[in-house]
Amino acid sequence: MACTAETLAAALRAAAAVIAGHRGELIDLDRAIGDADHGENMDRGFAAIVSALDALAPKTPETPAAVMKLAATTLISKVGGAAGPLYGTAFLRASVKLGDAAEVDGPLLVEALRAALEGVQARGKAVGGDATMVDALIPAVSAAEEAAGSDIAAILTAAADAADKGAESTVDLVPRKGRASYLGERAKGHLDPGARSTALVLRAFAEAAR
Amino acid sequence: MKKIINDPKTVVAESLRGLAVAHADVLRVEDDPAIVVRVDAPVAGKVAVISGGGSGHEPLHGGFVGQGMLAAAVPGAVFTSPTPDAVEAAVKATTGDAGALLIVKNYTGDVLNFETAAELAAAEGLDVRSVVIDDDVAVKDSTYTAGRRGVGGTVLLEKITGAAADRGDPLDAVEALARKVIGQVRSIGVALTAPTVPHAGEPSFDLADDEIEFGIGIHGEPGIARTPALSADELVARMVEALVTDLPFGEGDKVLLFTNSMGGTPLVELYLAHGIAERLLAERGIVVERRLVGPYITSLEMQGMSLTLLKLDDELTELWDAPVNTPALRWGV
Amino acid sequence: MKKIINDPKTVVAESLRGLAVAHADVLRVEDDPAIVVRVDAPVAGKVAVISGGGSGHEPLHGGFVGQGMLAAAVPGAVFTSPTPDAVEAAVKATTGDAGALLIVKNYTGDVLNFETAAELAAAEGLDVRSVVIDDDVAVKDSTYTAGRRGVGGTVLLEKITGAAADRGDPLDAVEALARKVIGQVRSIGVALTAPTVPHAGEPSFDLADDEIEFGIGIHGEPGIARTPALSADELVARMVEALVTDLPFGEGDKVLLFTNSMGGTPLVELYLAHGIAERLLAERGIVVERRLVGPYITSLEMQGMSLTLLKLDDELTELWDAPVNTPALRWGV
Amino acid sequence: MACTAETLAAALRAAAAVIAGHRGELIDLDRAIGDADHGENMDRGFAAIVSALDALAPKTPETPAAVMKLAATTLISKVGGAAGPLYGTAFLRASVKLGDAAEVDGPLLVEALRAALEGVQARGKAVGGDATMVDALIPAVSAAEEAAGSDIAAILTAAADAADKGAESTVDLVPRKGRASYLGERAKGHLDPGARSTALVLRAFAEAAR
């Protein structure tokens, strides 16, 4: 099954529900090594995406790229903090990559994921091992690239599985970007909230694609 | 969690309503996106100094809007940097031909959101510069971290650049002045208790009754070290040591000493600590020429304090002394 | 107990040292007995307005010493009224032919100690009058109690009588003015947490996480009722109701609204509450013409707030607006 | 045994030791219904009396009245709060009553106690039942008057016993004077700190007189 504007919108709504359900968990993760707002920020942003989609309903933006762009600009203008510009850039770069395709197939999806990762890294300057969302995204994109021949659901499932593992890996890292970096060694033993939310969003997309 | 609020989601908006009505002679508040603007903005021919960041640090930044200080403040959600469109709105509401200086505290979120806003404003033909303040000596250098945080020095930077703008300095000069201030201001903070972010509902960290956090920021993140509670003499000595060895500040240097409450520390303790800091600086031959004591950059109800030292020269002293008329700082008017 | 102190016994003395060095342009501190005195006292030909009381309420009273407000402040130990000799020393240091007005908050200890001091000063030929402020509507009438407490209204009283003294009003007039202000100012306070007195080392009362104390004073004594935590809207509505029905304040009345933090309540909450109070007063047709928002009469680190309403007329408004130059209130200079 | 300036000074030192030992208890009593300073205030005052006596040592003021006056002025200038003027007045009135007697006998002691009570009531306007130190003093003075024929130790012991009971009686009262009165009914069930300290001082005097 390929991904249309409608299915992408549905996936975003699904992601919003998942983020809302994990709002408290993400706040707690951020409370331990940051400033206790990541769950609130993400929830505010994704709820705003749902509102933006609702405002257009019963219409949906015409292309998957237009849906992604709507999500990106909503995140940029509603989330704030570090997560807002980083997620916003990821979504924006993905949307650019999607071009005017009416449907997203496996290879295009993989390209969009790669673009998202590059966007986050261009903006935030984090590399793998810095204990950020990048540690969820890098393995996710690699896994997606390996699964590029499969269908969208399989690609996203592979990405989500890898993102989960990547997020887990941040527990043992000393953060070098973002707020957690101020804690140095003291941040060890904690899951990075942005890596966790990245894994959650990818999982929600994968589930929605089934 | 006990707070005087209705709903965590509306805290900032409702608080801004109170700020607006309490200080209608000095500022106004615009909604959606929320910004705090000088009542007489834009002021023709003068640089607009603009700052912002997460809420929860009051009076920073909204309490510093007014003549001789900020043209606008951009309040984000509690502890969350504001979004680019809010910053852009503040720029548009206050910036004329003289341009604007954005004062950005060095946090990933602030830097990224203000960067985007500056690009948006530049695209509209406005002359907007940004400076990033990073005065917190508790944080290691940026190979290992997001870089030093912007903390207490921000208040002094906003006052001094605001005064320069007020006397009509051009943007180049205000920007250069800002970089100079950033180059010679240093801060260090400690926490005795944790703040409780309204939407989180629980204290940001747990401290035993005999522990403190040394080298804390203003967002409830733990500090660089948890240590047993110290006497005021020992605590302030450690803080002063951390400050003066960093820049360094030395014998004969003239300084502004800013003793700041993190919110929950009462003035009786703050003045006590200030007295100790003055004594320790005097012992080192460092000359305190100006001082600011009070809760000016806070972390909600967190108990704790920070010390900020700014090396002064005649120009900075004059700009510090210049008239200011804001909710939180007011003199000469 | 975690505090930035060295020793509970020296907290006040050490804190005063910090106050003195921080504000040497405005005031000086004398030791043994400890008093805070205007730097230019005695001011020839002008009434000396003097107040004092237990410490732990900062900036009250020491932070209000300076031009246009207090000639001297007499700080007792934490929550303990000062002794007569200290009050007498303050009178002697500041009082000339124009005489002195003592502003006494209505607590048994303050009243008795100031009374004795006034007698001692009178015996030395000084013209000293006393007024007792008792603005706290939470306390029942004095058949059953020591009478209403002096709380938030004290700040306004000190500012207004200080301004009258500054413009040269004679003692009779300043005293009459004080009685007028006392007659038309009312306050009510609430606490969300208890303060910890340094020498006691433990919080003054225990409150569950879902309880607040309504009708609290400024000494950590429990209030008139312990109630479940309320939303800001409900809480402020109850406070406003208690105030306006007491004097009463009615439609068309012009007032000064003073929204005060008890110390530990952050400004973001305080402005939120202030906004609500303004709205509720407007709904009743009461016209807020002046306002003061911040921590001005506190109870150490206690979280909570108080509202004070003063009925204004042209004279009071003019005196409120008059120049003041003290550590905690400064405008017009 | 009659009471000389020296024995009175020794009794005051004994009282200071007792107050120091009960400092925490008095603070706790005051914390419950007042402002948590009574133990600190009393301790500061009585410690200052000891210092004042030390400063004169090896001399002692010539008469019992002079010793009492030194104690009174020290309390007035060192205690503050409500207790300072009230205790100070009590001691001052007692000292006046002692006149220039070189020794205090039973009847004079009883008169001095009565004068102290009257001083407290003149100054503080409290009557019996208001839940203040007056509720310890009234029965103490009555008991002393009944025992007026006995020796000083017996008189003071009777007074101290009665003061203890009087202090206990404040537990069931609704305070009408001092800070505790703000609490109204909520202050019921609590011992008044000033009544307790009054009983402690009288007990210390009684013990010292043995």
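So that you can tell them apart, the chains are marked A, B, C and D in the order they are listed, and the count of residues begins at 1 in each.
Everything that follows uses one rule, which is that contacts are C-beta pairs under 8 Å (C-beta built on N, C-alpha and C of every residue); 3 or more make two chains touch, one makes a residue touch a chain.
Chains and their UniProt names: A, D = Dihydroxyacetone kinase subunit L; B, C = phosphoenolpyruvate--glycerone phosphotransferase.
Computed from a prediction, not measured in an experiment: that's the story for all the values here.
One inter-chain figure worth recording: chain A and chain C are separated by 54 Å, centre to centre, where each centre is the mean of the chain's CA atoms. For the pair chain A and chain D, the distance between mean C-alpha positions equals 74 Å.
A straight line joining the Cα centres of chain A and chain B is 32 Å long. Residue positions of chain D in touch with at least two other chains are not found.
Residue positions of chain B with contacts to 2 or more other chains are 78. Taken together, the touching pairs link the chains end to end in a line with two free ends.
This structure has the following touching chain pairs: A-B, B-C, C-D. On the chain A side of its complex with chain B, the touching residues are 27-28, 31-37, 40-41, 44, 76-86, 123-124, 174, 176-184, 186.
The touching residues of chain B, counted against chain C in their complex, run 1-6, 11-12, 14-22, 55-56, 58-59, 63, 78, 192-193, 207, 209-210, 212, 229, 231-233, 235-236, 259, 263-276, 278, 288, 291, 293, 295, 298, 300-301, 303, 305, 327, 330-333. Contacts from chain B toward chain A in the complex involve residues 8, 33, 54, 76-85, 107-109, 112-113, 115-116, 138-140, 143-146, 149, 197, 199-200, 202, 204-205, 217, 219-222, 224.
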